[in-house]
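Here it is: the structure, laid out below.
First chain written, first letter: the chains are A, B and C, and each begins at residue 1.
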Amino acid sequence: MAVSQHSVKGSRREKISIGHKRTQRQQRIFFFSVLILFIFSIVMIDIDGSAIAKGMERLPVILASLTQISFEHFLEMLAGMVTTVVIAFLAVLFSFVISFFLAFLVANNTTPNRYLGLGLRYAVMIIRSVPTPIWVLIAVASIGFGPMAGIIGLMFPTSSFLIKAFSAQIEEEGTEVIEAIRSVGGTWIHVVFKGLLPTILTGMIATLGVRFEIDVHESVVLGMVGAGGIGYLLQSYIQYYDFANLTLGILIVFVTMFLLELSLNRIRALLRTQSS
Amino acid sequence: MSHKKVTMDLKEQKKIKRYFSLIFFLLIVGLAMWYVDFNFIELAKSIPVFLGFIFTDFLPPNFSDVKKYVGPVLDTIFVAVIATCVSSFLAMILAIFMASNTTPHPVFRIVCRGIVSFLRSIPFLLWAALLVVVFGVGVLPGLLGLILYGTAFLARVYAESVEEIGSECTEAIEAVGATYVHQLKHAIIPQFIPSFFSWTLFMFEINLRGSAILGIVGAGGIGSLIKGTMDLFQYSKTSTVIMILITMILVVEYITTRIRERII
Amino acid sequence: MSTILKIINLTKRYNDETLALEGINLEVSRGEFISVIGPSGAGKSTLLRCINRLIEPTSGEVIFLGQHVEKANKAELRKIRAQIGMIFQHYNLVPRLSVLENVLHGRLGYMSSIKGLFSLYSEEEKEEAIEWLRKVGLEKEIFKRADELSGGQKQRVGICRAMMQKPKLILADEPIASLDPKSAEVVMETIYHNCIELGIACLVNLHQVEIAKKYSTRIIGIKSGKLVFDDTPDKLTDEMSRFIYEGKESEMYQHQ
């Protein structure tokens, strides 16, 4: 073949690199910097070797004790699980009411005042960056243990999540509908309820579903820091090495999350068929 | 005429259905409120107390101990980095077993899906609390807790991304007589890379928040500072720690967003 | 002329119900350029994919170079597939890889898992790939990413990939159905001339009768999974084409 003219066998010649340069370079930079970061972190972090060794010795015993299961506290745990779900449910519900209106104030195309929108946007960003359990710790410290602390603690991160998601959905709608309603003399309320709501409602409900799932998850955690529900029970079982009850507790959480995901998927599918 | 009547009936039916679902929904809300002894007056009273607490007890922040915070803050970042790297590696393997277009055998798929959905449904803080019992107080149980949860989370989203890759690429590679390994290397992986970057960066953001609260169950990092200062009612110090945390998270989010924008 | 491919009584059923192919008999010799015509849904694509078992045939025999494809185990099937090039309607390139990498994929069938895993193509293979890309007029696109190319360019990359296999047979599944008339002509010319020049037997699925007549040494007509015509292009009368496309006549000329 013509190729062999410029490829002398046996002699050293430059290898042909075959990849797409920019894509390849990007990937190499990414993986290389991650590797450096990873090694640096491993070196810097203080992990006690003897703790690992001891833990490994203890692990089989604990795993074995986790295979035991006790139904002694079954009803109590079930009640705790319901509380956990209810806390999440109410938190999402109230957050929806709050964020529904605030989202229209934040979204670029519907905000009555640009600076108000921008200010709210920054507030949301800061609230969102504080992890939920910290909100609940603060709530517990200020108003005491119990579901109310859980609901209030969840409402802040939930509202900020919803405001961000909703305002993005509103912004996707663009300005055409809004201008059309404005041009016939519609007010802000008209724009929101007649112009935008019908189209974005399904998207909003889907977002609520996603957040509800996250909040049930969070709500289990919150129980562990003092907001009632099953998390509190789980935490105390761990504290007193009560593994038989802990196993059942973990199973209850698993089954609940599983059923929740299943039913939310069904609702999502239903919404999709309705909207199309 | 009859046709019109039928549609009217349908409309009527829809209306009644809507009413029923509304009533059903309100019933659930009422039941939920009754179940946790909820009342609006208490809520209305609590929110001002809560906000007042933040603005009076937390502010102004007390910066006297900032130097002591450096160690735990760095630990928090290191834990998040290690957890993200390890779980993305493990999740990648699981995802290939789990995705319908790459699974070596349907049995693998079912087994992996089961494990992943179990691990994912349990909050990582619970894993961490349990692992504290095994490994004692320190960063290790927190790290392992994050890895357990993160692996499950990533395995699921990775698998979904892999499944989204069209059969066109793999079909051509299969047709030239390539092996399974070739298909993974030359068709699946190149197409999967953008979502891999994007999800892994997202996981890092989640892990950073997660790593920051591990201290609450005794697993080190910023969380232990927050818990520690709050237990001693030194709220002005708590607010300093929280401000550091907010800054850290916002900076990381900014960086990851920039990286995502540049991926092609 | 030596026989490359022999198909005996090939049948394909989907879900035990829909009959996609019914008792197809066909013999392909070296150097033949055969167009497979028929309306969409007639089973042309299924026929091609049954030959290299991208789709498992339900019954019948496929004999490639004296070897039973339908009985081949994994390793044997790999060897068979390596010698059969395939060109797709949607080009089926890996979009995020370079053009050169996509062409080199044609060599994977001859490589071990390990070698392929680390992309250890020999320098000769790389140069050959570049040579092929030059030949089809893509010398400027060699290091571009596949998703930066136009449809016609992508298909020419697909042809190079198939040629890199040094195939005895090429299966082209609607290679020009997604292209504009001008690119379509370039692509058909490229396939035709290279196959004739190198003596590669070729099966091309087409729905445009005119193009089939222009390029083929032989035309096969498929209607509802049955082979209804098998002769030289000049024997394909207008009545015959109308019969093959009965009910879907518009597809004969239409350029999707």
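The rule we apply is simple: a residue touches a chain if its C-beta (ideal position, glycine included) is under 8 Å from a C-beta of that chain, and two chains touch if they have at least 3 such contacts.
Because the structure is predicted, anything quoted here is derived from the model rather than measured.
Counted as hops between touching chains, the shortest connection from chain A to chain B is 1. Using CA-based centroids throughout, the chain positioned farthest away from chain B is C. Contact analysis places A-B first among chain pairs (by count of C-beta pairs in contact). Centroids of chain A and chain B (each the mean of its C-alpha atoms) stand 5 Å apart.
One finds 46 Å separating the Cα centroids of chain B and chain C. Multi-chain contact residues of chain C (touching two or more other chains) are listed as 96-97, 101, 119.
Within chain B, residues 193 each touch two or more of the remaining chains. Shown for chain A are the residues in touch with two or more other chains, namely 23. Every residue of chain A that touches chain C in the complex is listed here, in rising order: 1-3, 6-7, 13, 15-16, 18-21, 23. Those residues of chain B lying in contact with chain A across their complex are 28-29, 32-33, 35-38, 42-43, 46-47, 49-50, 52-54, 57-58, 74-75, 77-79, 81-82, 85, 117-118, 120-123, 125-126, 129-136, 138-140, 143, 193, 197, 209-210, 212-213, 216-217, 226-227, 230, 235, 242, 245-246, 249-250, 253, 259, 262-264. Remark: chain C residues 52, 54, 77-86, 88, 90-97, 101, 105-111, 113-114, 116-117, 119, 158, 161, 165 touch chain B in the complex.
Here chain A touches chain B in the complex through residues 22-23, 26-27, 30, 34, 37-38, 41-42, 44-48, 51-52, 54-55, 58-59, 62, 82-83, 86-87, 89-90, 93-94, 125-126, 129-131, 133-134, 137-139, 141-143, 147-148, 151-152, 217-218, 220-221, 224-225, 228, 231, 234-235, 238, 241, 246, 250, 253-254, 257-258, 261, going by the rule given at the top.
Note for the complex: chain C touches chain A at residues 96-98, 100-101, 104, 119, 121, 123-124, 126-128, 130-131, 143-145.
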